[in-house]
Amino acid sequence: MLSLNGFEIEALRLSLKVALWSVSLSLPVGFGVAWILARKHFPGKILLDGLVHLPLILPPVVIGYLLLVLLGRQGIIGKWLFDVFNISVAFTWRGAAISASVMAFPLMVRAIRLSLDAIDPKLENIGRTLGAGPFLVFLTVTLPLAAPGIISGAILAFARSIGEFGATITFVSNIPGATQTLPLALYNLLQIPGGEQGALRLVILSIILAASALIASELLARRLKK
Amino acid sequence: MLSLNGFEIEALRLSLKVALWSVSLSLPVGFGVAWILARKHFPGKILLDGLVHLPLILPPVVIGYLLLVLLGRQGIIGKWLFDVFNISVAFTWRGAAISASVMAFPLMVRAIRLSLDAIDPKLENIGRTLGAGPFLVFLTVTLPLAAPGIISGAILAFARSIGEFGATITFVSNIPGATQTLPLALYNLLQIPGGEQGALRLVILSIILAASALIASELLARRLKK
Amino acid sequence: MNSTPAFDSNILRVKVKKRIGEFDLDVSFMARQGVTALFGRSGSGKTTLINLITGLSVPDWGRIEIDNRILCDTDKHIFLTPEKRSIGFVSQEGDLFPHLTVKGNIEFACRFGKGTGFHIPIKEVIELLDLGFLLGRWPNTLSGGEKQRTAIARALLSHPRILVMDEPLASLDASHKSQILPYIERLRDEFMLPIIYVSHDMEEVVRLADTMVLLDQGKNSATGLVEEIMSRADLRPLTGRHEASSVINVIVSQQDEFFKLTQLSFFGGKLWIPFVDVPLGTETRMRVRARDVLLSLTRPKGTSILNILPATVKEIITGNGPQAELVLDLGALLIASVTKKSISNMKLEPGTKVYAMIKAAAITHRALGLGGLRSRRN
Amino acid sequence: MNSTPAFDSNILRVKVKKRIGEFDLDVSFMARQGVTALFGRSGSGKTTLINLITGLSVPDWGRIEIDNRILCDTDKHIFLTPEKRSIGFVSQEGDLFPHLTVKGNIEFACRFGKGTGFHIPIKEVIELLDLGFLLGRWPNTLSGGEKQRTAIARALLSHPRILVMDEPLASLDASHKSQILPYIERLRDEFMLPIIYVSHDMEEVVRLADTMVLLDQGKNSATGLVEEIMSRADLRPLTGRHEASSVINVIVSQQDEFFKLTQLSFFGGKLWIPFVDVPLGTETRMRVRARDVLLSLTRPKGTSILNILPATVKEIITGNGPQAELVLDLGALLIASVTKKSISNMKLEPGTKVYAMIKAAAITHRALGLGGLRSRRN
Amino acid sequence: SPSQAEVIHVYSAASLSDVFTKISRVGSTRGLPKCVGIHAASSALARQIIAGAPADIFISANSEWTTYVRNQGLTRGLPKVFTRNKLVLITPLQSDFKFDFGESVGLAPLLRNDWLTIADPNHVPAGRYARAALKKFGYWSAVKHRVVRVANVRAALALVSRAEALAGIVYASDVKKTTSVRVVSSISQNSHPDIQYIATKIGKISQPIVDEYFKFLLSSEVASILIEHGFEPLK
C-alpha cells in the first residue's frame, strides 16, 4: 500500500514543489499587503481589500481564466515576461505555483493581518526609542510578534496549495510531470472507470503531506510561544 | 449593464442565501473547534487539527464526493437525517450551504483560533475573580475579545462560500433555482464559446456582493475597536 | 494582646507550597479580621501567594480557608474556582477589560459579583475614586493612575467577602492615595471587610495593617502583629533600617479642640498628637519612628516639644554607621535613634535616666497604626 | 543661584500644546543639566508630555529642543523620529518585548542604541539591577518589580544622551529602590546624563532632581529649582503639606571619621549630618523637613541633638490644623513646623530669638538634595 | 507549434483519458514519438490552446470548441472525426428500475420523486445529446424538474452508482468497464445528433512527426482499441 509508483511520486514531488513555492511567493507579498491594510489609511483601501479577497469570491475556474488572460504567452504580462526575461509561466510548474499562491493569498493576508492588528503599538514605540529605525523595529519587533499569524497564514496557504485544483487546471492545464499535481492527478483518475482505488491512494498521500506540514507548524509555533 | 435578468437575480439570491447559511452554520461550530484547539490539550489534538484542514488539502471535488457519501440519501448520515427528520440535503440549496460551510470551515477555525490565542488569560482570570463563572466569562470576556477573529473568520467564510464551486457542483449538482449559485452559473457560461460576456456580468455581481460584506465587516470591526 | 492571634478569630488560614520554574513558595500564616499586609522585596513571592488565595493558580500542596470555609485542600481534593471564592481582587497591573469602557468594567463587577451581600453604592465608589468624568472612556485612553483607580472600583463593587489587593496604590499620587486610604480603612472598620494587602510602602502598611506577613524568597520569615514585626531588630534588613520604630498601644484620653490636639495615654505616660476625631476611650496603636525621638539629660524647658517623658536607657544597639539605637523603658518600650557622638557627649549607658522628647507633629495621622483610630475588636 | 536658569545652559526646552480627547496639554518649561522632575497628580498629563518629548506623539503645536538640537518644531515642520532622538526611555508599564528573554530585551538596546557614545558596561547594569539570575527568563514569568528592573536596564543600555523615566521605581520595593537611586545619581553626576524623571514620591524627587516641573491639569503651574518650588507655600496643595521643607545651600567643611559624621557649613552656621564620603569643599544642597526642626527658647544642654543654631522668628504661618509653620532666619531661611499650642506656650512671635534644633539623623542621605553630594557645575 | 522535439502533446477531452493511456502505449511500440495526454474540459483546453499552450493535437468532445480554435487560425488541416459514442440509460445495481427508451409510457411516472441525472445540457456535450434524446421522445417537459445536471459524465455515473439518482444517461464507453451500475436501455442514435470526437492538428507550421501521429490516431488499429473501450466505430 505504501510503496508509491512513479506516477504518484511524480505528482507528490510536484505538489510539494508547487506548494512550497506558492507559500514562498505569497508570504512576502501577503505580509506586505497585510501590513498596509493593518497600518495604513488611504482612500482606495477598501478596494485593495476587495482585490485581495477576489480569489476567494470568484470560482477558481474564473481565476484560472483570468490568470491565463494575464499571464499566458499571449497575455499582457505573460508576453512581457517572456520578451524581457524569457520566462514563461503558463503551462509550467511555475504557473501552477502562481495560481496556487494567488488562491492562497487572501488566507495568508487575513491571518497575518489579524496578528498585526493584535500587536500593541507601544512595543514598537519602545523599539523606536531604543534606537531602532522603522525598518529595524519592523524586523525585530513587528515581525516576530506577528509570528503566530505568519505561521497560521503559511500553513493555510500550504494546505490550500496542496488542494488547489480549479484555477490550476484552467491556467496551466493538466500536463503530467509538468503541472499535474496531486489534485489534478486525482481528477484524471476519477475520469477513469474504476479509478477510485488509485484516487484513494492519492487522497491519503495528500493528507499525509498536509499533516506533516501541520505538525511542523505546530512544533514551530510551540517553540516560538514564550 | 446593471439591470439584472431573471437568471442572474435567481443566482444572486441563491448565492446570498447559501453564503449566509454557510456562515451561520460554520460560525458556532468553528468557534467551538477553535476554542478546543486553542485551549485544550488532549492526545488526538493534531488529528482534529488535521481533520479541520481537510477541506483545504483535498481538491473540492473529493470533498464534494465525500459529502455525497456521508450526506447523500444513501449516505450514512443522510439516510438517518431523511428517515428521522425527513430532511434531504442532497440536490437542494441546503446541501449547497453545507458544502460551502465545510469548505469555509478551516478558514473560520484558523482565524478564530488566532484571536483566541492572543487573548491574555489574565483578563479571563480577572473575570472569574469578579464572580463570573467559566461560561459567563466566556460570554462576556472571551467572546468579545475574540471578536476580530470572529469577524475575520466570518468574512473569509462568506467570501469562500460566495466563490465555492467544486464541492458544490459535485455534491448538490447544478440545478437552476435550487443549487445554481453564482459560481455554478459562471462556470456554465464559461463552458460555452462566447459566454465570456455574460460571465463578466456575474463576476461583477460576485465582486459587488463580496465587497458589500467586506465593507460591512470593516465597519463592524471599527466599531468594536476601542 | 496576643502575639499569636487566637485561633477562632482567624479569617484566613493559609498553608501552601508551590513551585514555579525555579521559584519555591512555602508559606503558612493566619490572618485575623482587619488588614493583613504582605510585605517583601521584589520577587519574594507575593503575587504568587495572592494567586493561590484568589484561586487563579493551584497549590502543589496545601490548604486555604476563609471564615472556616475551605477554599482549597489538596489532601481532600477540594478546589474552589475563583468565582466561588467571593474575593475582590485588584491585580498588580490593573488588567482592565479592553473591550469595555470604564463604566462597563465597573458594571461587570456589579453584575456578576455575588459576595456576602456586602454592598457599597456604585455612586459612592465612583465619586470616591474620582471616576465620574472617565465613565465613557476606553481603558487604552486612561493614564496609569486612572487605570488603577478603575480596577479598585471594580474590585470593591464585586460584593466581596474579602478584598485582596496587589500593590493597589503604587501608581497613585499622594493626593489620590490619601483620598483612597481612609476609604480602605472604612471598608475595614465599618464594613468589617477583611483585606489582604500587598505593598512596598511601609507607611501604608503601618497605617492599614493589623497583621503583617513578611515574605523572603518564598518563605514567610515572620508573621505577626505589625507592632511586633516592626520592633524586631532581626527583621530590620527586611522591614528597612531607616524605618526603625516602635509601636505602642494607647488609649485616647483627652481632646483639645482649641489647639486641635489629641492626647493619648499609655502605660508610662501621655502624649499629644495632632487632632484625630474619635471618641474618648478609643484604643489604638501608635507608631513612633526611632529617628523622631530625641533625648535630653535634663528636662528641657521652653521648647516647642510638647511631649517630654522620663525614661531609662535599657539597651544600646550600635552598628557600623553614625547612628545607634537605644531601647528606652518608659513603661512601654520606645526606640530612639541617636548619633554615636551624642551617646559619647551625653555619656549614655544602660541605666542612664533620660528625658525622651517626641514632637507632636512627628506622629502624623498617617503614621498611626490601625489607621483612623478605631476600637479594637478583641 | 538663579531662580530662572540661565538660557545657555538649558539642556531641554519644551513649549508644546497637545489635545487628546478632552484633555488639553499646554506646557512650556526649560530644564538644565541634572535631573528634572515632572510632578503632578494622576491624569495631570505627565505621560502625555513624556510622549511628546520622546517623539512617540506629535504635538499640535510647539517646539522641543535638546542641547540646542531641534527635536520638533511644528512651525518649521521638523519632527525627529524617536530613534533619532537618542532618548533612553522607561515607560510607566515597562513594556518588555514578550518575544525576547530578559537577556534579549537588554541586548536589543545594546544593539540598536546609538547615542552619544555614553556607555555603561552591560555587566555592571545587570549586577546593579540584580538581573543575573533572570537573564534566560521570558517577561511573562517575571514579577512586577523584575519587569521594571529589566526595563530600566534596557533604557540605560541604549546609549542615550538623555534619560526619560516615567515612574520607574513605583513598583520597586524600598530595598531595590535604595540600590538603584544611587546609580541614577551616578548617571547624573559622573556621566553627566540629563534625566527627566516622573515620580509621585517627593523623597525621590528631592533627592534626585534639580529642576521641578509641576503639572496640574495639563498646565505647568510652576517650574523652577526644587528648593524654590518646595518652599513656596502657594504650591503646597500640589507638592503636599506634610512635605513642607526648606532647602539650604551648604558646603562640606569637616569630616569626623570616628563618629562617622560630616559637617556642613552655610551662611549662618554649621550642621552635623551622618557621614557622607565626599571631599571637603563640595558644594551641595540640603533639605530639612519642617517637622524635623525643633525650637527652644534657651540653648538646650545635655541633649542628643547635635545641631543647635540661634535664629530669629521671621514669620508665622497658621492654617486650620494643629500645626503652624515658622519661617526662621539663621542666615539662611529655615522652615519649622510646630503645634499652635507650642507657639502659645513659648509665646512665639516674629522677632523672637530662638534656638533651632535639627537632629543629625533627620538629614539622612536620602533627604539630601542633589543626591550624593556633588560639586555644582555652574 | 514549438513543442519539445520527440514529444507529442495531445489535448483531449477528459472522457478519453483512460483509453488514451492505451493508445500512446501502442503508439510507442510502433516507433512513434512519446505522447503526453492532457485531459480537462474541452472548454479549458480550447482556451489554453488559444493562450499558447504547447498542444500538437486537440481532440474535442464538442465541435463548437473545435470551431472556436479554428477561427483563431490556430489549426492546421481539416478536423477529423476521431471516434463516436452512444448514450445509455443506467440505474443502480440493486435497483429494479425498468424502462425501454422509446416507450410511450414516459419516463417521469417511473421516476416519481427520484432523480434522473445527466451532464449539464447547457454546455456539456453528453448532456446536450441526452436532452435532445429526451426531447425527441417527448419525455423532457415532464421530467425536466427531476433532472440533476452535473459537471460531467463521470459525476452522473457516480451519482447513479451511489444510488443518489434512480437513473442516469451516460456514454456507453463510460459503463463499459463499470460494475457498479446496470444498463437499463441503450438510446437510439437517431434520437440525437451524432456523438463525435473531433481531432485537429494545432500549429501553423507543418511538423512531420505530428502529421505522422495524427495519421496513427486515425488508423484502424486505434479504432479497434477505441471500440474495445466501448466507443462506436466510425460510420
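Every chain is named by a letter (A, B, C, D and E) in the order it is written, and numbering of its residues begins at 1.
The rule is short, and it goes like this: contacts are C-beta pairs under 8 Å (C-beta built on N, C-alpha and C of every residue); 3 or more make two chains touch, one makes a residue touch a chain.
What you see is a predicted model, and the numbers here were worked out from it, not measured in a lab.
Asker: So which chains are sitting against chain B and chain E at once?
Answerer: Touching chain B as well as chain E, we find A.
Asker: Among the chains, which is located farthest from chain C on the basis of C-alpha centroids?
Answerer: Checked the centroid distances; the maximum from chain C is E.
Asker: Could you work out which chain's C-alpha centre is the most distant one from the centre of chain D?
Answerer: It is E.
Asker: Between chain A and chain C, what is the gap in Å from one C-alpha centre to the other?
Answerer: Spacing between the chain centres: roughly 61 Å.
Asker: Rounded to a whole Å, what is the gap between the Cα centroids of chain A and chain E?
Answerer: Here the centre of chain E sits 34 Å away from the centre of chain A.
Asker: Distance from the CA centroid of chain C to that of chain D, rounded to the nearest Å?
Answerer: About 27 Å, centre to centre.
Asker: Mind pulling the chain E residues that touch 2 or more other chains?
Answerer: If we look for residues of chain E contacting two or more partner chains, we find none.
Asker: Which residues belonging to chain B are in contact with no fewer than two other chains?
Answerer: In chain B, the residues touching two or more other chains are 187, 190.
Asker: Which residues does chain C have that touch at least 2 chains other than itself?
Answerer: In chain C, 93, 141 touch at least two other chains.
Asker: For this structure, give each pair of chains that are touching.
Answerer: The complete list of chain pairs in contact reads A-B, A-D, A-E, B-C, B-E, C-D.
Asker: Chain A touches which residues of chain E in the complex?
Answerer: Residue positions touching the partner: 9, 11, 14-15, 17-18, 36-40, 44-45, 47-48, 50-54, 152, 154, 157, 174-178.
Asker: Help me check something: in the complex, which residues belonging to chain B touch chain E?
Answerer: 65, 68-69, 72-75, 90-91, 169-170, 173-175, 187-188, 190-193, 195
Asker: Where on chain C is chain D touching in the complex?
Answerer: The contact residues of chain C facing chain D are 20-21, 40-43, 46-47, 92-93, 137, 141, 143-146, 149, 167, 170-176, 200, 202, 240, 242-243, 256, 259-261, 272, 274-275, 291, 294-298, 300-306, 321-323, 336-344, 346, 357, 359-362, 364, 366.
Asker: Help me check something: in the complex, which residues belonging to chain B touch chain C?
Answerer: Those residues of chain B that touch chain C are 120, 122-123, 125-134, 136-137, 140-141, 144-145, 147, 224, 226.
Asker: In the complex formed with chain B, which residues of chain A make contact?
Answerer: Listed in rising order, the residues of chain A that touch chain B are 46, 49-50, 53-62, 65, 106-107, 110-111, 113-115, 117-118, 148-149, 152, 155-156, 159-160, 162-166, 183, 186-187, 190, 199, 203, 206-207, 209-211, 214-215, 218.
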